[in-house]
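Read from first to last, the chains carry the letters A, B, C and D; within each, the first residue is number 1.
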Amino acid sequence: MQLGMIGLGRMGGNIVRRLLKGGHTAVVYDRDPKAVEALVKEGAVGADSLEEFVSKLEVPRTAWVMLPAGAITEETVGTLKGLMQAGDTVIDGGNSFYKDDIRRAAELREAGLHYVDVGTSGGVWGLERGYCMMVGGDSEAVQRIDPILATLAPGLGSVPRTPGREGRDPCAEQGYIHAGPSGAGHFVKMVHNGIEYGLMQAYAEGFDILRHANAEELPEAQRFDLNIGDIAEVWRRGSVVSSWLLDLTAQALASDERLDSFSGFVADSGEGRWTLNAAIEESVPATVLSAALYARFRSREHASFADKLLSAMRKGFGGHQEPK
Amino acid sequence: MQLGMIGLGRMGGNIVRRLLKGGHTAVVYDRDPKAVEALVKEGAVGADSLEEFVSKLEVPRTAWVMLPAGAITEETVGTLKGLMQAGDTVIDGGNSFYKDDIRRAAELREAGLHYVDVGTSGGVWGLERGYCMMVGGDSEAVQRIDPILATLAPGLGSVPRTPGREGRDPCAEQGYIHAGPSGAGHFVKMVHNGIEYGLMQAYAEGFDILRHANAEELPEAQRFDLNIGDIAEVWRRGSVVSSWLLDLTAQALASDERLDSFSGFVADSGEGRWTLNAAIEESVPATVLSAALYARFRSREHASFADKLLSAMRKGFGGHQEPK
Amino acid sequence: MQLGMIGLGRMGGNIVRRLLKGGHTAVVYDRDPKAVEALVKEGAVGADSLEEFVSKLEVPRTAWVMLPAGAITEETVGTLKGLMQAGDTVIDGGNSFYKDDIRRAAELREAGLHYVDVGTSGGVWGLERGYCMMVGGDSEAVQRIDPILATLAPGLGSVPRTPGREGRDPCAEQGYIHAGPSGAGHFVKMVHNGIEYGLMQAYAEGFDILRHANAEELPEAQRFDLNIGDIAEVWRRGSVVSSWLLDLTAQALASDERLDSFSGFVADSGEGRWTLNAAIEESVPATVLSAALYARFRSREHASFADKLLSAMRKGFGGHQEPK
Amino acid sequence: MQLGMIGLGRMGGNIVRRLLKGGHTAVVYDRDPKAVEALVKEGAVGADSLEEFVSKLEVPRTAWVMLPAGAITEETVGTLKGLMQAGDTVIDGGNSFYKDDIRRAAELREAGLHYVDVGTSGGVWGLERGYCMMVGGDSEAVQRIDPILATLAPGLGSVPRTPGREGRDPCAEQGYIHAGPSGAGHFVKMVHNGIEYGLMQAYAEGFDILRHANAEELPEAQRFDLNIGDIAEVWRRGSVVSSWLLDLTAQALASDERLDSFSGFVADSGEGRWTLNAAIEESVPATVLSAALYARFRSREHASFADKLLSAMRKGFGGHQEPK
């Protein structure tokens, strides 16, 4: 079927490519004409403006917005609302906040438009491996775009089937689900990213302990000079901690065991934060997910104010002068 | 080659089975004669006592101890020390504390015996999938038992090779490594389990947030009634959080989505604790791994004393009466 | 001066009492006529309705709302907005969310009304010890109510003056501050409560460790049977951890050392949650404050879903059966 | 009575001064002759060697060792054991590990010597305010040194007595307790310091949130430019979070509100670490105390390896380039 794509960055561009390879057609738009041009060469139909983009879509139209969450997505959805007609569908495939989805879906519904939120995992590997997708919205719209989702999803692949799932939603094992009404897709994707932070921090701490196993402060007989690249590799087979993140860790350590090429300044997308806000709203104790987010916050500071206040108190009661 | 195995529980028994299948021979001993009998039927040579066990091993002997860490392992290794001869090798394949390995290795070295510590991951799946092994000890002994390790390990299997590892230790991608001197094997396995706790808790908290997404305390328009079994399944393909632990989670939720058959009383082996002790010794901030261990401690209490003290303080300053 | 008080619960009633003792006058209203009656006997002027309440106030009117944060406060402020006139002042002395203050202040400003948010600490001890107050709002209104604040505040008392504060805002050492524009008072009070949770949890964990110092799992030679009531008492004098919360702890342990009269079900007001939301918005790593809030969440659950999921995974990879 | 003091640093010197002021006599020794000389001028009897020190003590001798925990304390106690006689008492007033106390007490007991461990809180303020002391050892020895303890302790002072303590150990409200057998004193002091870390971190995080209340990432209408020195001051009177640590915080902020004179590199003594080891041994979930210790560890690193590994994973799955 035909899909319109707005936003041809790393994610949007590759989604179009995977669709074209899968026999679908695409109309594409991006603020940057070169991005449009590139995909036109690969078989997509280009548009120079949102107006032209909408006019080139077959009715009922399906427009996928793949832009950074926040103002730019908000504005684009608003513009589409003005340009599109009852029965058309807007898909937000970015990392929007689920409460924004709920609000926008209600706004579009008033104009007879469908709104579908798609949480999309897969990153730069999605073109080849497929995208894991969590979808929120009304059933009519979600069913209409099923051919798109089925092509983008990884499919069963070589992953063994889960015993006991016979008779359940077959889409899930293809790599996409209709999670619920508007917002549900991004809600599930948000928690996915919250978990991702926790998993990453668990590995990061473990490898940090391994790497410091020969620290000078340890008794000499207990120091180990470990090859952490080999350790990451060995755990990939047969161990309880094997995972895709471990695969990536093994790759990173294979090329730069000391990780000297990395700054250690760790960004975070909004989803880790929203996950904790959700946990707090639900009274769920999320100690690990919180610790993981805070480690990122801390990675971006030198000599935090909190630390200085600790030093000030220590000087106050004990006369301690901290080293610089 | 021939291996002697002491301790024929879930792990020890299956290790012998995998070796027999791989063309090795085994002498086996267990306190429980029925466990010995069972393996004799499968092709092993049985022994009724440690003395007989040692006498049936070919020189230089190789005895693998697969018993609970602590007193019983300590005692068995001590007995073997008295029964074996210079040049023989004792393997501790259990979950011993690495500082105990360092001490024991030194004690056995005085008697000319080799001591090899093998951290073994794989659980009940090891027989079929192979065991991931992290080995500590002197190179002579570790090389001598290489045929055993190679058979027990999973091998390359269907796991893709890590780009950039060409020319490195080929054992690692077979699923076993010689991590370093005595204690190094169990040290690495210990941190492995510490990471395991962190990963498990990250998933547990994430699914807890998903499951409470329709909590009554939330605004009605923001509640989602999610199918968390489908969510676990969908993440298995193409997503950043895919892992073996997620596979197991999907299996558990496929058969009992509410997990009513579980008590929520979560045990911990010593290794999570030792990992934190190591982190503290090394001054490594292990916030996530700690939070994961503490969640287990807390799971085993009803109305902790700490909680009661909070209630007592709240009553003291605010007159609050907590509900029962 | 004259103050109108709406809400005569534990806090509102005692605030009126402290004002009457300090030579001020008060008009009081509560949904419960008995609460009004009780204070009329102590010298206040009573009102049967909000309309009567407003009519009895001298112009420019000053009305202090002391109700639970949320719907009831919102509704009451709205009603007052309709009844009062330009130049009048509404004080919200409850535990409102500071973003609600910012919004309400803007709404009242359109009608020419002043809005002052007062974060009030002191609990059941405020009548006798005075209330610590953090105030947000425009300077004109805050200055007008200064006589009220000065009477309610604890004053210098026996607390030693802070060296180096000469020439700074003298109100702070009396126990109240004008923290900033609307919302600032409740923002500061919110963080105050966030800190309070952290302090409480630090004591709670420490005493929990002391109380388990004779746990059976410890080597016998290392067990201590400690008198934790005496320990709380001894720390009150000369130690670094002395505080008012410790005083309360000592009192609680003096009367019930095992705290058997407490359930260990620990409630939380919204302020701890909002503090974390603020930390997350500001990218401040608040590991201790989060852990403290989550301990309360956890105290209110038996066998959490997260714990059950851990059990399910343990069964999956290791065949472990957790005890009930 | 007479006390011998070994180690005339900030703590040891002031303890002698407080004893001299209280009418006791003292024999003093330090590796640094100038430290001895200074106290001789204030009325103490000096010694040039441990031998001379012991010879100048009246039988039964009482020698207080006030040295850094670890090798130097161990060596000094060992030397004293050789020089002293049955019936004499060695006091370790430093911050020794309680398991070392248990061992040393047993060793000295074999020679008929008493060993008393005294956890001492008070820091640079102890000379004036008195020392809070937690004592472990046999009753005979602890009773013999009671006059010393009573003089060093703060006494009732202006701190209100705890209701409900009538008839209990009167020493506790004077500021010292006999906590239990050898090791109990340092065990209680250890947990005291663990709590101290938690309290400090709670304040540090709270003030960090206050200080970032005008962060640019916040919506402009929600930013507050707070005077955190005034906030620390106002909380000292009437609020739930008042404490001695808050007093010190207010002092620090009064002289340097931005704390620019502090490095934010926060040291830790061993006691916070041992507290967590104890919690782990006892299966007590100490989430806040752990987070507090880890914040100190983290304060001493730039760009931790764990952070770099997070960056490496992010690059691996998402192509993210972290800013330097």
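In the analysis below, a residue touches a chain if its C-beta (ideal position, glycine included) is under 8 Å from a C-beta of that chain, and two chains touch if they have at least 3 such contacts.
The chain lineup, named per UniProt: A, B, C, D = 6-phosphogluconate dehydrogenase, NAD(+)-dependent, decarboxylating.
Source: prediction; values computed, not measured.
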item: More contacts between chains, A-C or A-B; value: A-B
item: Equivalent interface to B-C, taken from C-D, B-D or A-D so that over half of the residue contact pairs match; value: A-D
item: Chain A and chain D: spacing of chain centres that average the CA atoms, whole Å; value: 47
item: Chain A and chain C, separation of their C-alpha mean positions in angstrom; value: 39
item: Cα-centroid distance, chain A relative to chain B, in whole angstrom; value: 31
item: For chain D, residues that touch 2 or more chains besides their own; value: 123, 125, 201, 203, 205, 208, 212, 240, 244-245, 251, 281, 283-287, 291, 294-295, 298, 304, 306, 317
item: Touch list for chain D against partner chain A, complex; value: 10, 123-125, 200-201, 203-205, 207-208, 211-212, 244-245, 248-249, 251-253, 256, 259, 262-267, 287, 291, 295-296, 298-299, 302-320, 322-324
item: Residue numbers on chain C that touch chain D, as the complex places them; value: 98-99, 102, 121-123, 125-126, 129-134, 153-160, 162-165, 168-169, 171-177, 179-181, 183-184, 187-188, 191-199, 201-203, 205-206, 208-210, 212-213, 215, 217-218, 221-222, 224-227, 229-231, 233-247, 250-251, 254-255, 275, 278-279, 281-289, 291-292, 294-295
item: Residues of chain C touching chain A in the complex; value: 240, 273, 276-277, 280-281, 283-287, 290-291, 293-295, 297-298, 300-301, 304, 306, 317
